[in-house]
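Letters A, B, C and D mark the chains as written, and numbering starts fresh at 1 in each.
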């Protein structure tokens, strides 16, 4: 089988590097185009990207020439599938142009998430939202699928089985987010050593909004879930892995044991279809009193290709301050599951469903 | 005026050092006795304590001989007032013995907090709880006053004006606590570098319980406040200063501006009595989008002697996921306001009220 | 006495903020002009500077309007003395223009350090280099005095008494430098959490070169010291305070006790003239086996105004791998002693000597 | 082939866990006995060890019962080979007893390193020192082989090709060592956040001494190398990986290019014998200006089983302050290459040579 040729928009940044790293030896995809900003165009990827992962850059990408984020350049490379890790200010136009030109665009950016015909897709959670693509196809040659903000993503995975099993009335979440979420240069060390920052621009609004779209239904348009969601977002001095303290009220009462059981039993389309990057199981529930911890648990997920793709939950307990109250701690790798990894899993799902 | 002679139980640990540091040149108190565990007895304080503060050890304490945590030894030094920073396993008996022997004990330990005749005192919040001391006096020669757990302490200060102004129905808090809260050796660097720990033993229970006693009334016994309180406690790689993301429901609706106004207007007995260590104002409300931050705000408080004694609140905003919902971020220095500093402020209050 | 009106070039950056902070209530100087890059001009200093120090911005500066780095603008504010904390790419021209226009410029930048008539001044070490100013005056209206690179500065202070007492043949230094040395945005947290960076651009060359000029003589031009100096410079995850492991060979043999004695006895012009920011003593030699440590020792220096101005030396011991070998560990606060503080001390010296 | 049964002394500590982790699926060895201190005996390994690695504990070890560090208990488990990661105070006697009882002991402790018949073995560097085992065998049933201190180990590997190629006269090294080197509980976070500690007990002496034995010869006893070695050892806030700034004088002049070439060409017995844990190549020389960095380079080494076993060298340059001066930066994973990994490589060498 010929591999699908893939292009990456914004390939030199911190999420871009994750794409390059995770597509190494992918059974279905091969990297055919690496784009970056103007001053990188024409350089080799090795020259253009300040590589910051501990595994060395894949040799096959190191000598590739960086090209512009331009549909003609991508066509010239016979790209079929585009992963976008563009900065938000340029993402909106660039992604729309790519979709107009017929590409399938999987976007790890906020630009099109709330568009009425664009799904925010987490393959385990709402693969049925792919129906929205029909609506898109009626209007343009290509399609756009987005993934949610990295903070909402792991949270939505952990909420889905609870929603199915017991119903959700209210969700309050306080996050402790990794510095990589702001990009390689986003958080100066002067800002975070012996410190934390109790603010991340637009994050609380995104979490509250996106969760409702993701956990809602698609029937001739998106019907948002009726859940009250509130967030307080903080940045801490951790490299990778967003940890979230979650408080929730279920519709029907549930014991911690019941919640853990439904999380453990949870699986979605990627697991049923045995997609290459699907973590099995998608949610790992730990019983230790002091887990999950970002450094120990962020790379959880098997098989090998799904490392960093599992959502890890721990400390599931009752919360008497809420009606039918449950609280737990959730961890998700923000640049793997919360970005490049989820995008690749979406692409695998599109392929398995025959959409690409 | 002769200064009151003070003894410190557990003087070599991280809170003990804070006492020694903060009692430097105190206008009303002088350090007369430093006690520590058996293997330190007989050494000079300088030899016994691995000093870890950036300001050098006060010269007057450096050459003092460490004595045992024993009422006879304390009597020999003419001690009147005892600050306890003992480890919890030995605190219960040692503090009770000191009180039986006639000392006034101010205890920064959990041992006696929930005793029915012992107040958990935060001078700004519940100075009227000193009434409970009459009950104690009827039973023994001395008295015990405790301060709350460091996580509950700053939280209670920030809640008090809201409780007075609008009533409180529900409080949910997610904490990001400093490593110093576990004592100097409490958190290995291997556990916290590039990591956080979502668990602190018994902390969530303490917060939920102590808040209710502190914000309750004393009328022939303590009447606990009727508020639903829930907590999720986490440790992060910050040296000093507990940051807390607070969500709450008020009885009467309140706008963020009204909440900020009542916090800013708040003052208590220490401010009215102009106690030496009273921060003026007790609560500092910041308007920047990204404050409070532990490294920048933990030493807030004026005058000079009250550095680290102010509670800093920021990001006060509405929370639509709760009824009459408000959320904010709160910061309190856990070993100053949350420990030694609050104990000294209690002692100042006792003195100003003629109790010692 | 009227205070001397002072202007700061590059006032919003990390060294610029240190100037503003340290000039608070200065007995001889007052801040009259704050300049910054174009997009800050016209804003208040409060709006333009993202303040990052734990002590709040001085009120008198908060509302000052930021002006351009332009001699006319500075003249309009009746500035006499200019402190430069400009980025190196613009420093050369801007500082020269200011000096041409008649200002006294004290520059914390590398631009003019190696000019043949410009001293690199450390008031305790080489105040006699002020003679070079005559040569400058013969050519232009104003003068430029520079301070050395922050890594060379503390090192030179620690070497001076040894050079005087025993002669120096060889110096090898391996540094562990604080992130603030690269400016607020200089070191991303992604680069330094659980890591160190064994490279600082041009730093090793600067150290080797500047030490020789500083420890040399001025007699109708600078005569460089004849010492072999080599450096290996590394960045570590410390906020402030450069720590340096120093190996040296003296001309005459010296025991560790003799080296410590000569360091302790050392004093310079600032101490003799009792300049307001002069640390007394300039070098603090500690006997503990594990000091100096940056977090504990970087703010060393008394009186109050000289906090962070002392050079702290510890672990002075023999090094048998070198002839007449001595090794020690040295610590110096890189943005206080190594930048703003040394510049202010130079200005105080210029004032005390009647040069301004 | 039956696997050799292996016992681990001190299996629950930070190096002990590395052994357990690295012996997972080893082609030649299998873990047959896990010993720990008295209060762990009888527990399962899972209960006794607070596991701190990000890869989960091997299932086959999790349920093993911890046994005492006793030769009878080890015999009962049919152990042939013993790895010791005991704390130094108990290592001396326990290791000697095991060797008397006939076991082959590979010891990652200082207890027997300087014994006249015990080699400090680094398989790439001095495999010919195995000759000393004959002398041991003449005296007792079993044998002891030690590995050096983790700081000396990587340094010795990097020095060996230079010694062979150009001769070594003088070595000065300044280290920046990881916190894991002190054991899991060794460095409190309070000691190292925003800080470094310029002292590690006995480390400088060990480095200076052990290097000479390792780089010396064995001919009817050990002849120490004639090199002047001096060290300054510091601890920094890095989890794993010791970084060392090395200055050296060679006998014959060498350019940086020649030094790099000889390091790159270097190989030893493990590479020639294709031992399972042998890194190929043993020394990786990087050309980037800012490498090696501990977080990026500590896991270097291929094949998979040799991850963390390579020594990484960078920034090789001339040092004009020394005669025939060269300087470089070296990185070695202190608990893999510097401890468990080197011990396993020694065991593989013993097996390949028919000694076990």
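The definition used in the following text is that a contact is a pair of C-beta atoms (placed from the backbone, for glycine too) under 8 Å apart; a residue touches a chain by one contact, two chains touch by 3 or more.
As the structure is a prediction and not an experimental result, all values here were calculated from the model.
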- [ ] Any chance you could check whether B-D or C-D wins on number of contacting C-beta pairs?
- [x] C-D
Open item on the list: Going by average Cα coordinates, which chain is farthest removed from chain C?
Closed with: A
Task: CA centroid of chain C to CA centroid of chain D, Å - done: 42
TODO: Let me have the rounded angstrom distance from the C-alpha centre of chain B over to the C-alpha centre of chain D, please.
DONE: 47
Task: Set of chain A residues in contact with two or more other chains - done: 52, 193-194, 237-239, 295-296
- [ ] Show which residues of chain C lie in contact with chain D when the two form their complex.
- [x] 170-172, 174, 176, 193-199, 208, 228-230, 232, 234, 236-239, 243, 245, 247, 289-296, 314-315, 319-322, 325, 327, 329
Open item on the list: Residue numbers of chain C touching chain B in their complex, please.
Closed with: 52-54, 193-194, 295-299
Open item on the list: Under the definition above, what is the set of chain C residues touching chain A in their complex?
Closed with: 14, 52, 179-180, 184-194, 237-239
